[in-house]
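The structures considered in this document are given below.
Here subunit A shows up in two complexes: once beside subunit B, once beside subunit C.
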Partner chain A sequence: MNGRLKQILNLNNSASAISSLTAILVGLLAGFIVLLLSNPSQALGGFGAILTGGVSDRKNMGQMLYFATPIIMTGLSVSFASRTGLFNIGASGQFIAGAYCAVLVSVRAPFLPGPSRWMAALLAAMIAGALWGLIPGALKAFGNVNEVISCIMMNYIGMYLVNFLITQTVFDSLKNQSMRVSGNGNLPKMGLDLLFREGNNVSSANFGIVIAILMAILLCILLEKTQFGYELKACGFNQAAAKYAGINERRSIILSMTIAGAMAGLGGALLYLAGSGKGIDVVDVLAAEGFNGIPVALLALNSPVGVIFSGLFIAYLTVGGFNMQLYSFAPQVIDIIIAIIIYFSAFALLLKNLLRQRALTGQEGEKS
Partner chain B sequence: MDYVIEMLGITKKFPGIIANDNISLQLRKGEIHALLGENGAGKSTLMSVLFGMYQPDSGVIKKNSKEVCIDSPSDATRLGIGMVHQHFKLVHNFTVLENIMLGVEITRNGFLKMDDARKQVLEISQRYGLDIEPDALISDITVGMQQRTEILKMLYRKNEILIFDEPTAVLIPQEINELMNIMQGLAAEGKSILFITHKLNEIKAVANRCTVLRKGRYIGTVDVASVSKEELSEMMVGRKVSLTVDKPDKAPGGVIFEARDLVVKSRLTGKNVVDHVSFQVREGEIVCIAGIDGNGQRELVYALTGLAPPDTGVMMLDGADITRESIRGRDKHGMAHIPEDRHKHGLVLEYNLAYNLALQTYFKPRFQKRRFLRFDAIYQYAAALIERFDIRSGQGARTITRSMSGGNQQKAILAREIDRDPKLLIAVQPTRGLDVGAIEYIHQQLVEVRGSNKAVLLVSLELDEVMNVSDRILVIFEGRLVAELNPKETTQQDLGLYMAGSKGNLPAFSKEESSA
Partner chain C sequence: MSVVYFLVQQTMFFSIPLLIVALGGMFSEHSGVINIALEGTMILGAFAGILFINAFQSAALGQSPEQLSGPLFGQLSGQLLLFLAIPVAAAAGALISLTHAYASIHMKADQVISGTAINMFAPAFAIYVARMLRTVQQIPFTNEFRLESVPGLGSIPLIGPLFFQNTYITTYIGFLILIAARIVLYKTRFGLRLRACGEHPQSADSVGINVYRMRYAGVILSGMLAGIGGLVFIIPTSTNFNATVSGYGFLALAVLIFGQWKPGRILAAAFFFGLLKAVASSYSGVPLLKGIPIPSNIYKMMPYIVTLIVLAFTSKHSQAPKAEGIPYGKGGRE
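Right, the complex of A and B next:
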């Protein structure tokens, strides 16, 4: 009996891993074809650069961790909402709301002693993101407003509001962006920048990646081990049955969106408090990190722990993409390649279902 | 004796289950041979082997005493084996004629010769009395005519061996009679028919012989004329099955549940879909709400269980007013609910069996500690219920519920709801779509609940069930309770009249008469 259980568990897990890996391989292949079409002579070198860029030196590895941190957080946000049957396309707005509040606290509260400054900033970011998630969640729960539409609206409200508030509170008019965070306002490096460096050239790796990984593990425990996770998943799979079982499906929807929003908000804080000198640009563009969370979540098949790996993978491609510039590819082409790889990666879910169906045909056949 | 088809020692295994275990089946020319078994007995698998969709792990298939190899449905077609699937394989935006000729079109220089095909199809349809409209679109015709189109497809391909996979499941009674006549006509013309079913009446009506399977095993082949329905069902289920419910007399106790003047308005029309309904259910009593589908039963149940609260009215459960209680609140007061739609409400199909068995109790201290689920306790509890209620599945408590048979899914819901030890059990069409063994089991369980002095409210559309199981019948018609009947003093015909709204003995009924 025990052996059989293991077999079943393995079937499911290996199907997930195989399908994600296959999707990535197909994506890489398609990306290579586009490279060949755009510049045949440099294609091989460029492809090599994108494949090995992330591990070519230790600084790049550090950069990969740095780029992965925010998209792991938005990936967690999207995947967590998905488990409750909600599509959180509002991670972008939650992300920027969180980013702004983090920067605001970090810059304007220098009186907070030691590390409590960045901690307070992270908390503020989570609260802001949570609020940005709560609103569409509450609208869905009480007014049956489609969360996709309200999330998109919240994205724009968030972007313009943050742009406005930056100019009012923490504006650096020379750079047309938010003021830089300094000192204890930033996340500690924990020696990660020195560990991941090339010569004297340190990377932007910092404590943020550790926080992101801890959050993924926390969400995983929440979903798989707790009563609350049981209720959320029941709602996600079958809302009618959850209601029948006396689960408060409104509460589940609102809490799920709130937690998802907090994750995305925290992601904003982790990016802008990374100590890389990055400020929030005052431009009318939605934060791309929010949308990148969607393929990260898809590629991970909505598993929080899987999000760590898919986030690292996409960051790996990003770093590799920078290396491709050595081979005289236009940045646009590089973005296209990355997009294609991500695009094909979304087939992971499709492949997983196919694999499972094949494995289950036997039992299904007996059902009738 | 020569057989057209022999399947000898067929074994087919799937992961975790032996679907067919050394099964033999011999089909004579010109006979109607029934294949009988409960859901999950292996009938469909055996027929899929014969039709080439599965390859057996061992065993041989012979046609006219010669061994044949059937690797695909097209092999089967070449050997003259045709199948009417339970879910028809028709192209909905094609006409009947186009569907029949699909795959075997007569052409000249690449152009279809529709006239030749039409002539042949009409000829066959007349010969076998298969009434069709060749130019009607499939999407426009009745299920019965779609089925006749499927039969014509087989005949057009000159199939000699016809497999019918639960053909009556989708038909209304008149159509079933018609199909029985058609099958007898086909057999008289020398076609050999394999008839998959779990309905005993139909076997007695048309079949010559019957092969019985149980849990993937071959039980035996009998001449239908020489056995009774009871014997057949015993072979199928493996024990004596009483087709009537064994129910001791019992005097009901005090009132457990009372509904007073419940009104539910339709959201669309504003009309009262539940119209001033009042009733009581007492301890040790099974009260049945009988009625034709769509007379307000669903809305009434939703109001009672809290899925959609009533507009006005009062509900009392064991002395407490539960009108404004949440669903969970009602549960805590002792209400259990076996829902009408087990897939929509009853189960989270993606959850495994153990999770589903804990669906109403996962929050209780025995299953959680500081809000962390106690998986050991959940799986132990599931194992105990699986044992006690004989719930069968491929991988025990860890089976994903979607892959279980309907009967076992229903048993799981029943187990969960009964084991909560409710004061009032509301069972809505608890036997819908189940086979004889499962129906008997569920009826027994309901009677047992009544025996332990609980109140049962049964909502059913099945006349047999209403008459056999209940102590008191309330007839619902257009949202009103129009009659209260004692099943011992009522005939099915009478009950039918009440349900159709042409008779009544409660004030709600006379009120309507006086106003009319």
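Right, the complex of A and C next:
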């Protein structure tokens, strides 16, 4: 019996991997067709740049880690909420709320000694993100407000509020963005920038990626090894049944959104404290990192550890997209590829169930 | 008084696209399919429509000056061009919504996922194609569509300046769509069947209604209206299209819910948001508001905050179609 259970679980994992890989392959193929249609002579070179750009040298690999960090965090945010049956499309607002609070603490609290400054900044970011996730969670739990709509509203409120607050507190009017974070306000590099470099060109790799991976492992333990995680997942599978079993489903919804928000908020901090000189632009555009968390979570089929790999993969495509510009293609082709991957990952779940069913019935047949 | 006229005219520019797109969303959700791809669909509709207008306008500029000054290129041609761009936008919207329909109806996929994919695809595609065609991502157009005053009606006191001056034919098309939507949804066999598929598809199927076909119809209608809405939004508020409709698709989704999936209430909700948006974008032109020291970002936040508050109080007794978001299969046991 135990062996059979293991077999099913193994099957489940391999079916997941196959279905995600299928979505990726279809997406890449579509991207190649787009390149081929727009400029046949350069298409092969351009597509090659997408595929090899992320791993072509050590600096690009470092850049890949740098780009992966924020989207791993927003991916964790989206996937964590999904496990409780909630679609957190509000990662963008939570991300920017966290980013602002992190920059505010780092710039305005130079009195904090040593590394406690960036640590305080990360904490502030998590609290801000948590609050931004808590509101739609509470509205859902107590007012039955569709979390998709309230999250979208919170995205815009967050964006405008942060734009307003930046101009009031940490504004660099020359660049029309937030002030530069310096010294201990930034995350330590831990030698990662020197490890991932090409000649004298250091990459933007930093300690953030380590924090992101640790968070993924933490969430995995929370979901798989604790009673709290079990309750969250029970709500995701069947809310009515969870309630019947004595699980407080309101509490689960609120806490799930709060934790998801904290993850996205931390992602904002990890990007803007990365020491790459990037500031928060004061423009009326939603933070893309929040939305990019959705494909990351989908590709990982909502597994926190899977998010690490899917985040790295999307970052790898992004770096490849920069390299592809040498062949005079617009980098938006990467977004097109990602969109098509998402579209087919919607089918992937179907494929996964189909594969599992076929394998199971096949075994039954052999036995009899 | 001129301030009131100005605000009403501005409100129209923001409300009409919201109205059209929310009505589109209404058709989709009444058929049982959630369409969060409205934003992306608007972008593609606007993109196709503006590209069409741009092509004709640049063709006109390429011609000799004598022809340009002829009667054909006066007011009439402008309106005709806009009139022709509308079906182009609708076709683009319908085309992309087909992919959403296929995923959510035939493949029984999660409707939110394929909607998200379209929202991501649309701006990327619009920018990519624009850059490949013209090397820059913005598509400019000349706004030759504004009606200073509708002949005859514009000179009526009070009503003239409110509704028939400084306007666009798209405003009246919006109202026509509203009337048509109401009639179709409540007074036709199609509308009754559509709503049945969104409320209880199994019952609809049991009396011989093809649920799949009705849902396809609902989603494609929503795509057409969202495409038109995108074009209608861009024309009065901009002179070039930059692959964005500023979140209006999402706002239309909120209008739809705020309007409780009913055409009349959707109209009221659209005007409510339109007014808030109009105040946010042109408060400096209103002497009464200009004096109050509220930063522009706070004004911009208002529509979203108000939506949240309204939703918090109205969602308990939501009248959403009961089967929305649930894929339909003949073997379903629900």
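In this section, the second predicted complex is superposed on the first by the 335 of 368 C-alpha atoms of A that agree within 3 Å, B and C clash if a C-alpha of one lies under 4 Å from a C-alpha of the other, contacts with A are read in each partner's own complex, and residues count from 1 in each chain.
Note that a contact is a pair of C-beta atoms (placed from the backbone, for glycine too) under 8 Å apart; a residue touches a chain by one contact, two chains touch by 3 or more.
Nothing here was measured: the structure is a model prediction, and the numbers come from that model.
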| item | value |
| --- | --- |
| Partner chain in contact with A:227 - subunit B first, subunit C second, else both or neither | first |
| First, second, both or neither for A:338, with subunit B first and subunit C second | second |
| Subunit B versus subunit C as contact partner of A:242, first or second or both or neither | first |
| Partner chain in contact with A:144 - subunit B first, subunit C second, else both or neither | second |
| Touched partner set for A:152, first subunit B, second subunit C, both or neither | second |
| Broader residue contact with subunit A after superposition on the shared chain, subunit B or subunit C | C |
| Interface residues, subunit A side, partner subunit C - complex | 34, 38-39, 87, 89, 135, 139, 143-146, 148-150, 152-154, 156-157, 160-161, 163-164, 167, 284, 286, 291, 294-295, 298, 330, 332-336, 338-340, 342-343, 345-347, 349-350 |
| Residues of subunit C defined as touching subunit A within the complex | 36, 99, 103, 107-110, 112-114, 116-121, 123-125, 127-128, 131-132, 137, 246-247, 250, 253-254, 257, 295, 297-298, 300-301, 304-305, 307-308, 311-313, 315-316, 318 |
| Subunit B to subunit A touching residues, read off their complex | 14-17, 19, 39-40, 42, 44-45, 48, 54, 86, 305, 307, 326-331, 337, 339, 344-351, 355, 359-360, 362-363, 368, 371-373, 394-396, 398, 403-405 |
| Subunit A residues touching subunit B - in the complex, by the definition given at the top | 1, 4-5, 8, 225-228, 230, 233-234, 237-238, 240-248, 359-360, 362-368 |
